[in-house]
Amino acid sequence: MVKLGDSFREHVLSYLDAGVRFDGRKLDEFRPISVEYGISHNAEGSARVTVGSTHVLAGVKMAVEKPYPDTPADGNLMINAELLPLSSSVFESGPPSDEAIEVSRIIDRGIRESKVIDTKKLCIIPKEEVWSVMIDICTINVHGNLIDASALASVAALTSAKLPGYEGKVVKYDELTDKGIPLAASLLPVVVTVFKIGKHLIVDPLPEEESVADARISAAVLEDGSIVALQKGGGLPVTAQEIDSMLGLAQAKAGDLRKLLSGKKLK
Amino acid sequence: MAYNKRFDGRKFDETRPIAARVGVIPEADGSAMFSIGNTVAYAAVYGPRELHPKFLQNPQSGLLRCRYNMMPFSGAGSRVKPGGGRRAKEISVVTEKALLPVLNLDEFPNAVVDVFIELPQTDAGTRCAGITAAAMALADAGLTMKDLVSSVSVGRVDDKIMVDLSYKEESYEGEVADIPIAMIPGTGEISLLQMDGKISREELQTALELGRKACLQIYEVQKSALKEKFGVGGKIG
Amino acid sequence: MTLLVKDKDVVVPGEALASGMDYLPTSGTYREGDKVVASRLGLVQVDGRLIRIIPVSGKYLPKRGDVVVARVTNITLNGWVCDINSAYSSLLGMKEGVSDFIARGSDLTRYYNIGDSLMAQIINVTSQNMVDLSAKGPGLRKLGEGRIIYVNANKVPRIIGKAGSMVSMIKDATNCRISVGQNGVIWLQGTPAAELVAVSAIRRIEADSHVSGLTEQVKAFLDKNKVVA
């Protein structure tokens, strides 16, 4: 993407000063969001999330593996984000970019630290066999707010996953059981990223807004409002007071986003 | 035990249900989705755009570059490791060769047209679905093409010749030949031909004839998906 | 001898448009045996014996004489490298950039800095699509603070309208300054509320460019969304 001049930032600010965004939204307003489940039949769980024209898929694959030595009786978790060159002219083929790694790490920390997955229940034989939960995020169209869309898709895919059968050391991928991944609904982490441009705070930015933002904070929020993962991005520092306002907005919006997940039954 | 009835009850010359949509990836210069049974392919075209590194540039024509990829959760069995292996590389190359005969990039010296094919869900016939989606995406991108390309697999399970083998049919324990083909609908010429398995020349001709008919059906679906995107739009209001 | 499609039909590459030798293929079409066939996606236009395709999609291809909205991406010894929303970048040479005499080694950012947008004219396109720009001429100028939107370059004539009628109507209704480049890049400057109305009017024209009675519909939209001064 071509770098925009400094005057462009002034122009974005003139909109925000007037309380409006480039697409007519309010500062704290998300674009329409959709969540669809079961979009890939070979995955043990999958979901499609669209936020405006941003469109991401997430799929869960399971495997039986050796546990890590420091957690011999816990299942493993792995999150990976594929920022596909199909989804934007700014993404390239090849090994994961810094951006892809950051997206997956934020979501990874949110899911891990929330303890939403009862990893003990994913243990088959301590020190020898545990279930590994692998979530892959694949982007179809990226037009702003990649992190929140990816996180929502990951959690949605997780809630829809079913364990495959496991017999005689063989995973029966074509015989899914009716057992889901052991989850605690209230601990599902919902990630909201708040962007700071000048003195304004916005959520769900357009690419133009992202390109001139001073800072952003992504927060993974649980049902009771507690925060289990944080990531500050962007070039400029923020004050403690600004952090507090940004998190207040993140908590409020996370509550809205969570409602989109609640249609799903959890075991 | 002879294979007299297909696992999913189809006739031997019958494809699985097919669907197509154009313009599904607004960031791209052209895009399409194509599904056949449980196999789903997205294709996006970016370009013509500047080609880097420079030594790859051709001052007489634009370059077509295709990349085929299965999403990590898309395959039967365990997770597909991202990054693509030799199989994905080979399919990318044959996809390019299948599309090139209809494409004219002379207007775009030194530039590149990138085609990205992604499969979120697979059940055999993935390269064919990818090529079919890519042809629509290239047309959607407004490129000069003498025709579309339509693609399907044909083959033999036991002694039966059929179109559009499913994953279950490809994995049949008896003799199986799997033959992905791509066809230029206007002329009937074949621009992709591969085979795994064993077949006689006579059987191959029978299979190609079934494939030709199936490709013409797929072509109709491609055509209407393209027209649907650019048909008369909604009212202003 | 027969036309196989109707005027304004949407056709796809490879689709036969006419059979027999009475019709002649022009842009976007080719002859195959006794048929005229489409070579790109678009709308059929039949003009007497001539058949052509009006493209509905595709990247902008630079043409000499076009006025474009360009954006400076780099500065070299000879001038400014500009993005013109096509596969090819372009060069605005020192002599074509400004009327002043620029001494060797002077600071070119004083005239156009990286990220700046300007209205420029394409003065030369080589066979390999190397593009030269000029910023000297009526209406050509540096564009200040404003908003840029991208539309399909093929829709630009509709957005401009006959003798500029469509874009003038939007300018008058919204009080925005609007510069439409033939490369599909549009620059707008106005109040946020006014720009939002102008942008959505332009998006509607882009989406419904082949609908008849478009001007009246856009006018109705602008009346309904009056920008309060």
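Observations, loosely collected:
By written order: A, B and C. Residues from 1 in each chain.
By definition in this document, a residue touches a chain if its C-beta (ideal position, glycine included) is under 8 Å from a C-beta of that chain, and two chains touch if they have at least 3 such contacts.
Quick caveat: nothing in here was measured; it's all calculated off a predicted structure.
The minimum number of touch steps separating subunit B from subunit C is 1.
Among the other chains, the CA centroid farthest from that of subunit A is the one of C.
When the C-beta contacts at A-C and at A-B are tallied, the pair with the greater total is A-B. Subunit A and subunit B have centres, each the mean of its CA atoms, that are 31 Å apart.
Work out the mean CA point of subunit A and of subunit C, and you get 38 Å between them. Shown for subunit B are the residues that touch two or more other chains, namely 49.
Of all the residues in subunit C, the ones that touch subunit B in their complex are 10-15, 28, 30, 32, 37, 39-43, 55-59, 61, 87-89, 127-129, 154, 204, 207-208, 210-211, 214, 217-218, 220-221. Residues 2-8, 10-11, 14-15, 18, 20, 22, 24 of subunit A touch subunit C in their complex. For subunit A in complex with subunit B, the residues that touch the partner chain are 39-43, 46, 53, 55, 57, 59-61, 63, 80, 82, 84-89, 93, 95, 134, 136, 138, 140-143, 171, 173-174. Those residues of subunit B whose C-beta lies close enough to touch subunit A in the complex are 24-28, 38, 40, 42-44, 46, 49, 67, 69, 71-79, 82-83, 114, 116-118, 120-123. Contact residues of subunit B toward subunit C in the complex are 29-30, 47-50, 59, 62, 102, 104, 107-111, 139-148, 184-186, 222-223, 226-227, 230-237.
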